Amino acid sequence: MNGSDGTTAVLLLSCPDQPGIVAAVADFVFRHGGNIIDAQQHMDRTDSVFFQRVEFLLDGCDLAREEIEPALRPLIDRFAMQCSVQFSDDIPRVGVLVSRQAHCLVDLLARSRRGELPIDVSVVISNHADHAEVAEWFGVEFVHLPVTADTKPAQEAAVQSALVAHGVTLVVLARYMQILSGEFVSRWPDAIINIHHSFLPAFMGGRPYHQAHERGVKIVGVTAHYATAELDDGPIIDQDVVRVSHRDSASDLQRRGRDLEVVVLARAVRAHVEHRVLVHGRRTVVFD
Amino acid sequence: MNGSDGTTAVLLLSCPDQPGIVAAVADFVFRHGGNIIDAQQHMDRTDSVFFQRVEFLLDGCDLAREEIEPALRPLIDRFAMQCSVQFSDDIPRVGVLVSRQAHCLVDLLARSRRGELPIDVSVVISNHADHAEVAEWFGVEFVHLPVTADTKPAQEAAVQSALVAHGVTLVVLARYMQILSGEFVSRWPDAIINIHHSFLPAFMGGRPYHQAHERGVKIVGVTAHYATAELDDGPIIDQDVVRVSHRDSASDLQRRGRDLEVVVLARAVRAHVEHRVLVHGRRTVVFD
Amino acid sequence: MNGSDGTTAVLLLSCPDQPGIVAAVADFVFRHGGNIIDAQQHMDRTDSVFFQRVEFLLDGCDLAREEIEPALRPLIDRFAMQCSVQFSDDIPRVGVLVSRQAHCLVDLLARSRRGELPIDVSVVISNHADHAEVAEWFGVEFVHLPVTADTKPAQEAAVQSALVAHGVTLVVLARYMQILSGEFVSRWPDAIINIHHSFLPAFMGGRPYHQAHERGVKIVGVTAHYATAELDDGPIIDQDVVRVSHRDSASDLQRRGRDLEVVVLARAVRAHVEHRVLVHGRRTVVFD
Amino acid sequence: MNGSDGTTAVLLLSCPDQPGIVAAVADFVFRHGGNIIDAQQHMDRTDSVFFQRVEFLLDGCDLAREEIEPALRPLIDRFAMQCSVQFSDDIPRVGVLVSRQAHCLVDLLARSRRGELPIDVSVVISNHADHAEVAEWFGVEFVHLPVTADTKPAQEAAVQSALVAHGVTLVVLARYMQILSGEFVSRWPDAIINIHHSFLPAFMGGRPYHQAHERGVKIVGVTAHYATAELDDGPIIDQDVVRVSHRDSASDLQRRGRDLEVVVLARAVRAHVEHRVLVHGRRTVVFD
């Protein structure tokens, strides 16, 4: 019923902890002929919540893709699960929002092109016109939506329309310097990834490299997180840091930080599109 | 039958990969009333070998400790498993071998005393007399077994006897500068942990910090690995590194390396005694 | 006039930037027969302030130790310098303040004993009695000064007296959980080193590992800084971090953090006692 | 005589250590009206060799560029110095050699274009035709020079001719998978930078990520070094590493390594073109 091409289904589930969940899920997959190639779980002891990621080969499975979720319904009800079912060959349609600095945008496009990151960048939207050419080079539609203080709500609405029109299921804020409204954010829950150029929660808000330089830190960092209505406060997906010294000016910190931004954003996008991330309040579970 | 004190059993198993293993093991635990609190698995695609660590609460389990392995026998046979069963309150008896430098020894004793590392250091053996006092301070028996080129086999035999006499199940080479024979090593298979003061396989053999200085590397590292008959070639459990520069002399590298040795050895011992390590040829699977 | 034992003098100086400083200082040392073995400088472009560390061999120098600073006076006046003169064989008298957790204390004592850190720990002061034995083991006087909300000012005065009585020139807060008054801090300007168990300025104040766990960060850090009247706001000397995951509870973060605290505090103390640190407002210049 | 635009001269010098060098060089610059903005030195105690980097503003200097080296001649002779004089506005002409994988090439071109790296990539040469388009996009000439076992010497000669024809002073091997002859290497002494995809000296030779996977290391690294006649043995400029686990296949190591290769190669090129690197036998001095 399903091809022998290595395509997998991924179950991402969470529920109140109780005995028997692991056995029940494993049994479900086994009974339907799926071979589990990865199963990771986590039990949050603070809240007694159980999280699991189960990936199994569709080849041999006696359920069609659309039958899996209905077949899981009894388990979902029994354990009061949140559960999503996804497939490894569903390549998400990604919209990238970007302002002046193009390094994260170019990196995502290059990774996508060389087959390193399973995403389909469908549209690039910017409040600046600068990146039209590079988008064209990569064969991606570019939408220029300038913004001023007066036009902010209208511009955001236009951004949202463009994303919707392109069927975008993952929005990446690749150094997009505009604050998004709660309404916008709620349109893609846990599906807007922002790269913030500091080690959050240090240096929230604007010009974090300048803040870091003034404070005299010996390490700077970057943070990839899901955007929420609360600025710079969303669940953190990944972070990384680099050592700096008194020799580094604020612009040196910016330069060093750029190399981190590129890598940490790509790692976070990869974790998301491989269905490895579960959100739990302000925290995330990121399976390896 | 088992206490309600949070004591757990840990199954560490490996076998040729095939569908149904995860379900069978989870079902086994569930049927016997155990609640799985951690289950991690890994499938080595090169060799099609499946590895799993399953930890479950004894509280509620209808099997006594000594009944678990026999009850698992049908599964072990069906899947041709290697399987060990261990318990979280079995504190291993550890023998520490050390030469001149005491930093790793002192660190292990201090971690053990403050309850950070679940080990019972039963005996400290050294070819130097220097560390008698510190062993005494920590209340651990100290055995001084000096060695010369002529007495090497006899001394090693005496070391082995002392370890056996103390019922040691884990040997830690905490900067022990004597090469051990294959016979000795085979006495504690995958249960002798050595800390090598280089990023293996770079700088095998003696004086690795001097080798590193001469080569002009910009990073030095250390490696914790299981000892095998082949010097510096055993399965790696953990490694870490630190950045150095042209300013660092060979003795600076030694000093910086010491801080790494302490931490990496402690991490490797922790992984071992928490039953998180499975050996697979020259490699290890180390579950988080 | 001075021994041929490798003893060096270290000049640490800062002044408004202008041409000729490097030449003037190098010429001064050369004229007096000193051989410069290390000279590092830094120019802060924001404030146009020049910083320099010059280390030269006393062997061959025609000035006695006490004559160096007077001989420098014309240069100091000409360039409006702040300048200190120190000697590599002046081992600072250190007072260590500690509360419940002993890991940083023990580490400093062990490094000092094995000759790795050129400090003379003269007194250990704690608001708990627990560490008397370990201090005795290392041959250091231990002073127990318990504190309650009511006795805080009196206890702090007693701490200060004990430090003064021991001639302490460097105070190390090795996980000392009491807030010090501005008066106390001003008694040892730029000579009280605190280890804070977070990556400052993230998680200032109490229970930073718990804060970090709640925020769901993927990296935790520690910060060694000079204490100032403003809590957790003093000039940062060194920081380091370690990667964590959703698997880590708040107490796991504490455990991982302890390994960092030990190393970062030791590095900061080393930088200080080797006269490598210059304070510039809220920032530091730390020469390699 | 010289502009007031912040252009600097950089002296890179080395000589047998003796007193008075720092003073003599600083005095030289001061007498000629140059303002030193950076001076770093290093004394190699093993070989008693002194290294220094001195950077001073040309503005105010009474020597024309071409007069500086002749004016330094007495100092050079007195101290038996190796000395080079370079200028911050001399942008080096760079030739990039690349095989199949383009990530390092694209990164260098992007950094150059956005003004982050002061290089002029004059020509891209590859044994594959794939990268013509991207070179064109960045406006750089592309030369396709395919190679077989039979044509190797002729192809290398053609590569060398193309580099010479473009006046290349720095050759970057951006994942160029052909071994270069000693004759070729000697044409650009200490001016061919290679990025090797392992933490040298571990895993020299071919397919290092596969070697690393087989050995089961827990960290992989990359190394930027000057090419010498001896393969993978040249002086190391920079290295970096990333943590891996049993979950990572050899191709995962390749992917993780690519992110390192890009950053470490860029850092090494930056250090070289900012005249921060001095070669000392198999080691380098890399000033910050």
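Letters A, B, C and D name the chains as they come in the text, with residue numbers starting at 1 for each one.
What we mean here is this: a contact is a pair of C-beta atoms (placed from the backbone, for glycine too) under 8 Å apart; a residue touches a chain by one contact, two chains touch by 3 or more.
As the structure is a computational prediction, the values presented were derived from the model and not from experiment.
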Fraction-based call for subunit B against subunit A, same above half, different below: same
Equivalent of A-C within the choices A-D, B-D or C-D, defined by over half of its residue contact pairs recurring: B-D
Rigid-body rotation angle, subunit D and subunit C, from Cα fit (steps of 5°): 180
Chain pair, B-C or B-D, that carries the greater number of C-beta contacts: B-D
Distance from the mean Cα position of subunit C to that of subunit B, given in whole angstrom: 36
Separation of subunit B from subunit D, taking each centre as the mean of its C-alpha atoms, in whole Å: 42
Residues of subunit D touching at least two other chains: 245, 247, 288
Footprint of subunit D on subunit B - complex, ascending: 42, 44-46, 199-203, 214-219, 221, 235-241, 245-247, 249, 280-286
For the subunit B and subunit A complex, residues of the former touching the latter: 18-20, 22-24, 26-27, 29-30, 33-41, 43, 60, 243, 288
Touch list for subunit A against partner subunit D, complex: 102-103, 106, 110, 114, 116, 137, 245, 247, 255, 258-259, 263, 266, 288
